[in-house]
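I've put the structures underneath this note.
Both complexes shown next keep chain A, but they swap its partner, so chain B is in the first and chain C is in the second.
Right, the complex of A and B next:
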């Protein structure tokens, strides 16, 4: 593997990070929205979300990517590889994030909500001031865990022609017939990316502990 | 690496194989809904989309970040001949033919083996090379000396490939000496298959003679080329079935490349030898 090969790995890393970040930025709030629909037991919508989560959790990323990439143009929606990849990652992680948020919401202490109601808070205000500030802290470890899983699952989108870290490594290996060096380099790059996420989580948690006395 | 291979073999690989099976099924189910652009439509919109691979050396691979190989050179020549722009999508094999038969790409500009199954949904140009199937083994593996020694050995081969469809031929050859094909391991692409062969997880890998010659030239201390395990086999470019004008345009181009000797030159450059007696029309038996 030469310098050009290493540069292509870094390019792949940029794409992996970019697509994963977009997936996370879209998937975390979307997951919360889905969880709220289920938590509030909105008729019909709640069942739709339950089916969505079941289907998405059961669909492998590769299959989902191919489905989106080949099916959407057939119903008149042209889709390029990168948007298809973003859609794949966002929809997938939203389903898992929904379950993380839902667990936090289900566990949330009912008396607090009743107290908020008694104090005259609207449901929206109670959510913003009472519920959300607590559930995001309890959900943080699970959410970061899901983020790292998403990053590691992202090579699936290579099937669309997007060149992520793993695909870049495959290309180098198939040109040189020496797959070991590019894959070792790829592993180190993944490790570095995941480390940033885990560090960020630790930093936020320790900040919370200092500020509020609990994480 | 071994960790990666493990996870691929147990997880991703299974999924990928599922996806390989899934993609063509999808393509067939939806084939009527979308259609590849005809030559008129291509001229009108001003561009054609071709799909190529990135890990099929020496036909198509990526060298220092740029597409290289026989097909990359042919594509460059084609670009000079046509009046419209050619957009190139570099994608893994898994979704490539499905993408052409669903109309996502206009041409599979890759070394796709002409097979009986594929001619049902695709039209092939005249062949770009001779690709008789050979096997490759680990250098120094004395248990394999000739074809009959392949009896019961573990075979590595690409999933969804034309090579896989012609295994009955090897089966017939082996049956003559009372042998049969052992366990068959399918891979999404050949680099993994070669790696597993080197690691002794498989005993031999079947691919076209061109690909294997390239492999053996590059890694003479690891791999050794065996004998032919199939009759004649030819790779060619493909368009969606019935896209006659586009096929004619590509065939005219290819005939020209043959006549001027340009194709022979490129074959020498990438394969080390030229194939001068390639057929114009090839009707696959398998």
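Right, the complex of A and C next:
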């Protein structure tokens, strides 16, 4: 594998990181919104979310990517590989994040909410000031874990023709007839990306402990 | 739209064949990975610090690699060492290796939570080595980790969809084939998703049933 090969691997890495980050930025709040719908027990919508989460959690990323990429044009919405990939990753991770947020919301101490209500806070204000500042800290480890799972699932978008790390490695391997070096390089790149996320989580947690005395 | 589903229904035998392959592949992978995972857990819990450290590195390394990349390494990379596997065997090997690492870590976690009285009593009765592991340690460890093993089985089912890229004739591959022949993308993939959902529900129900049975026998 030469320098050009390595450069194309890094290009693939840039795409993997970019798509994963967009998926995370879209999927984490979307998951929170879904969890809030279920938490508030909004009739009908709550049941729809429950079915959505159950189905999406059981759907392989590859199958979801193919469904979105081939089926959307079929119902009159043309979609390019990159937007389809972003949609796939966001919809998938939102379902898992919904369950993480929901667990934190269900475990949240009821007396605090009642106290907020007694102090005259509206539900929205109580959520912003009381609930959210606490649940994001308890959810952080699980959310970061889900982020690493999303990155490990991201090669699924290769079926759409997007050239991520894995796809770039396969290309180099088939061009040079030496598949092992690019695969090993790709493994190291994934390792580094996932390590950054895990270290970032540790840093945020230790900052929280120092700043507030608890994580 | 209903016409699309009629086309898929007419070719349901292909979809069901894919489903059967997915089930067969996942079951076989789970069975072998569990046995391998039990061995890995034993190494992770052993007193030999060199072996333990090496295994920890291997397991943690495996958990940082995307499954598809591992499948490629097994399929395209191993021939470099003269090991040539067909796509089916390569897919199965990748599923086994990948999930054995996760299952090993799961079993180790349950084992670490096992009260020491268990093994102390077994020692007093003369249980040692493999017999001690197989008869005394493993049964409660497996039983305690049934729900997490269930989650991992769902992960195996979903990982097996990646093998469509190696042209393994599993469920997603069958759906792709139907969609590309008759151009019914929506119905073909929705049918596949529905079947995956049923499969995962079945795993969840099995886990619930096993837990109830275990509770009754306790």
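In the analysis below, the second predicted complex is superposed on the first by the 215 of 215 C-alpha atoms of A that agree within 3 Å, B and C clash if a C-alpha of one lies under 4 Å from a C-alpha of the other, contacts with A are read in each partner's own complex, and residues count from 1 in each chain.
The criterion applied here is as follows: contacts are C-beta pairs under 8 Å (C-beta built on N, C-alpha and C of every residue); 3 or more make two chains touch, one makes a residue touch a chain.
Bear in mind that the values here come from a model prediction, so they are computed numbers and not experimental data.
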Label the relationship between chain B and chain C on chain A in the superposed model as either fit or clash. clash
Quick check for you: in the superposed arrangement, does A:160 touch first (chain B), second (chain C), both or neither? first
Is A:171 contacted by the first partner chain B, the second partner chain C, both or neither? first
Let me test your reading of the model: by the given contact rule, A:179 touches which partner, first (chain B), second (chain C), both or neither? both
A:187 in the overlay: touching chain B, chain C, both, or neither? Say first, second, both or neither. both
Based on the superposed arrangement, let me know which partner A:7 touches: chain B (first), chain C (second), both, or neither? first
Taking the superposition on A as described, I'd like to know which of chain B and chain C A:108 touches: first, second, both or neither. neither
Part of chain C, among the options 40-48, 76-84 or 112-120, whose backbone runs into chain B after overlay: 76-84
Starting from the residues of chain A touching chain B, keep only those that also touch chain C in the other complex, and list them. 60-63, 66-67, 70-71, 74-75, 155-156, 158-159, 170, 173, 179-180, 183, 187
Considering only the defined contacts, which chain A positions touch chain C in the complex? 54-55, 57-64, 66-67, 70-71, 74-75, 151-156, 158-159, 165-166, 169-170, 173, 178-180, 183, 186-187, 190-191, 194-195
Please name which positions on chain C make contact with chain A in the complex. 61, 64-69, 72-73, 76-77, 80, 154, 157-162, 164-165, 171-172, 175-176, 179, 185-186, 189-190, 192-193, 196-197, 199-201
Chain B-facing residues of chain A, complex: 2, 4-5, 7-8, 11, 60-63, 66-67, 69-71, 73-75, 81, 155-156, 158-161, 163, 167, 170-177, 179-180, 183-184, 187
Give the list of chain B residues in touch with chain A in this complex. 1, 3-4, 12, 15-16, 18-19, 22-23, 26-27, 30, 33-34, 54-57, 61-65, 89-92, 94-95, 98-99, 102-104, 189-192, 194-195, 215, 218-219
